[in-house]
């Protein structure tokens, strides 16, 4: 049958794929995603804030989410959008907020699905390459959400150095 | 200021990331995506069918779309869902249709956003690894859409061997 | 100003709220959610399947999500719907599938937002009270997703007894 | 069969759940929700305004809705968002509007699903704990919607003191 | 200015509108909506079921919603769709389920936004004219939801006769 | 059978419904809706603009839509939102734009589904009662859309006086 | 400035566009759309059914909608989907229903946005070319909706012959 | 059977359709769409930017999409909205941004589905007639996206003159 024969053809094609046909991309592992989300929530809990921490991969898809007890559910949506935005743009949501305020980036970029300029979203980088994003939401102020991301990243840094 | 200092810390973290922190993934290149979409539309046009051909990457996001003149717009949605489904499941949409009919897979899997069991969606593989998907829609019958994908894959196969 | 005065009034109201005005509800903690999601993913990884495990609270909102490396993103949506459905109905998604097949429950219940009858969703109970749900998706077959949930629940059981 | 055996295991797990595994949360009862919604609509009707009053629980889900005759349907959506926003943030929508105007909270927080800064949304508290929210919409001006919520809360206060 | 002058013109138009320009429609009052929703929830509570009862007007828009304590939030959506469907079609959702099963109505009617064939939705009529709908959800079985609607309607009937 | 008996009971209820149970509402007829939409499109065509004209009923649901040849499809959405907004608020979209600019109404009211402050939406009134709305879109400027609505209303006025 | 210069360049491009760059497509005029929708509603009204009639263009976008007095709003959505489906597929929705029943077309095609297999949707053709679609909804049975479309088409036929 | 007979009638109608019943519209061909998208991506790649280029037809539906390797997926959505907006309005998105800033066009036009004022969207014209649109997204700055569109249009111009 044609489809079966084609199955064989397709296998051959696959073997022949070279560098021009396939691109290799690096993305954050579940291990690191979990480590960062856990540390970010713990840091906020230690400060008395119940938050959601979300890590997304290079394509903006969720790798890890943790929601502290008593963190209100709207923070699930916000944390993911912070992480997603940072992974897409390659810089902090704080910089997006600043760029919008300065008129460098039009505010209408926020109509992009999954985008936000609320503080507390950071890219995760391997060298200069963006491999994911992290976002925290639920603390009473974006600068407090930000502090929990920074604490989590510092912890990962200390373990890895 | 703390965020600036953290910028430096973050850079260090990045450098220290090892194999456990970063996963490497292969995905279809734009070059191959374009080649396959172009060939699939051309094959259908030669047979007298005006279709849409869509190629998505490993995460299911569009890499290339081509819509022939007079192909009706609903085929844009269907072609993308065929490609997306095949990239997610790693097998043809025809097999999903068969599995649903045999009761192996519940029909309610079709409620998953971006899924369809309409014939004409195929995974794109590098060896045994799924690196994307292709879908065609618009011909009067899923087997005709399927033939155009197969023709496109055969062409790519012949060029690459 | 009136709103300030009202602030005081409102405070008093709050103090006076009795059992008829406030309901106490139990819900899964982040600690247990994380433990179950981690164990479910680990169990599937040990069997060679890359999956997503999601735990939701009593109201169906996410408490924890973990996505293994190479688990395709469509499993994020499915795992959450499995967990959500089980938390809403108070029984396994397998039982919903069975009820639909037997004609006890109409299939159109699956049009409810966030519902699925795909195997691998279980309620989390404290005694007879439903306090959340867990869902796993990504293994090649719902019975395999199910096995990972069961393994995770057994582990929690052994630790807690 | 494994699933049946597991059912027994699961039951045991449930019995063993301790304080770390289960969180207790307080939420507004239907009785109080209905009392507040009824009083808010009545207060507005007495003033000549046809409104919608909505009370949501701690998770932001509807507990009670009442729509006066001749209240236009768009007010259904707005009243729920007012109640939802106040339950999520723990303070009045008026304060959110003020915070946005002062630059304390970025306006883009209003892109969060179910959020609004229109006046007339209040949290419902048991002591200092937020257990729900109430919103009114349909009067010709947010301060008039607000007055109806305040009247309803005063009535509940007087009954309960 | 033109718009001001037009304001006057418009006023005249309004006065001149006759029977051919304006249609009079009857719709369920908030009083009856509230009475029916309250009685339906009470009937189910007396039987040990925690449910949501929703009444919609002639156009399918919510007039009253009540959710019993411990009724799960997915029942909010289902109860509204039951009420909406009955108001639109002018007969019970049970009859729609029956018509679909007999092949009189195609199942694909359930893709209409806000439609369901789950048991427990009834039209509210003034004589032969449909003036709204009521739906109940949350009891363990559509026939139990149905019984609560019937009890509520019987109560209203007894009060009104 | 119970449901059949209940059918009889329900019929009785219906007969007994009084003024407190049923509200009578006036709404724009199809005849007037069609007349206004036709005249509005014709007026714009005469001025060289290809537009969409939409009339909605009291609840904001479409009664008539006409799209001139070469009017771009985005105008379908905008015209309906103009009509809907005016029917809900009871005044012109121009007044909403003015109120937002003056700070009387918060801009976030535009997040309400189906709302817009673009010029060219007017309520349709029977005396002081709002019975529907009309919106026009597609002319190069909201004041031009507005002129076509005004022309249509003037025509209807002249016919009815 | 560069953009102005480019404006000139762009103008030249436009002038140079030949048959290979531009495709000419025929689509139903507003005049015919309005004639068909008016006749279809009138035919149903004469038979005692209050319906919605919708005509869409070749791309599936609305050209004309008319809703009879007392036609329920859900028929707006259904009529448009009937017209849209017929315009996309080029044949009646009755044939789609038949094809699905015979297994020629998979039922999952109904997940395509804007599609339905409910009876009462017809393509509008100029010779063999599909230039739009018409759909009617609201009569008690798809065959009755169908009869109104057929009556409208016969009327147009008689006028045009 | 009536429907078969009607089929014959309908065929006759089709033959009789004249200029008043059918409108002829010109739209961008797939050949030109592909040429423009390919050139736009190539121009950006040459400058070191990984972008998405999308061309839509006269009705705003996709004709061609190309996404360069490493272009982040959010650019798919933005590029299509740029192209769509330009095709609907008939001028560049830069002009829309300017009109909004000057107060000529209200910012709320951006709530129209598929609209954006981000720089990099241009209409495609055949003489003075708009036959489609093109959008590019992904470069670090809208002026850079714009340059790639202009380069692609210049190339097409040079080939066609």
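Letters A, B, C, D, E, F, G and H mark the chains in the order given here, with residues in each chain numbered from 1 onward.
One rule holds in what follows: a contact is a pair of C-beta atoms (placed from the backbone, for glycine too) under 8 Å apart; a residue touches a chain by one contact, two chains touch by 3 or more.
For clarity, every value in this text was computed on a predicted model and none was experimentally measured.
Touching chain A and chain H together: B.
For the pair chain B and chain C, the fraction of shared interface numbers is less than half, so the two copies use mostly different residues to meet. More C-beta pairs in contact connect the chains of C-D than those of the other pair, out of F-H and C-D.
One simple way to say how far apart two chains are is to compare their mean CA positions; for chain C and chain H this gives 43 Å. Distance between chain E and chain F, defined via averaged C-alpha coordinates, is recorded as 23 Å. Residue numbers of chain F whose C-beta contacts span two or more other chains: 23, 25, 29, 59, 61, 69, 73. Those chain pairs judged to touch are A-B, A-C, A-D, A-H, B-C, B-G, B-H, C-D, C-E, D-E, D-F, E-F, E-G, F-G, F-H, G-H. Looking at the complex, you find that chain G touches chain B at residues 23, 25, 59-60, 84, 87-90, 106, 108-109, 111-115.
Of all the residues in chain G, the ones that touch chain H in their complex are 2-3, 6, 9-18, 20-29, 31-32, 57, 59, 61, 92, 94, 122, 125-128, 131, 146, 150, 153-154, 156-157, 160-161. The residues of chain D lying in touch with chain E in their complex are 29-30, 33-34, 38, 41, 59, 61-69, 73, 76. Chain contact summary for the complex, chain F toward chain H: residues 69-70, 72-74, 77-78, 97, 110, 116-119, 142.
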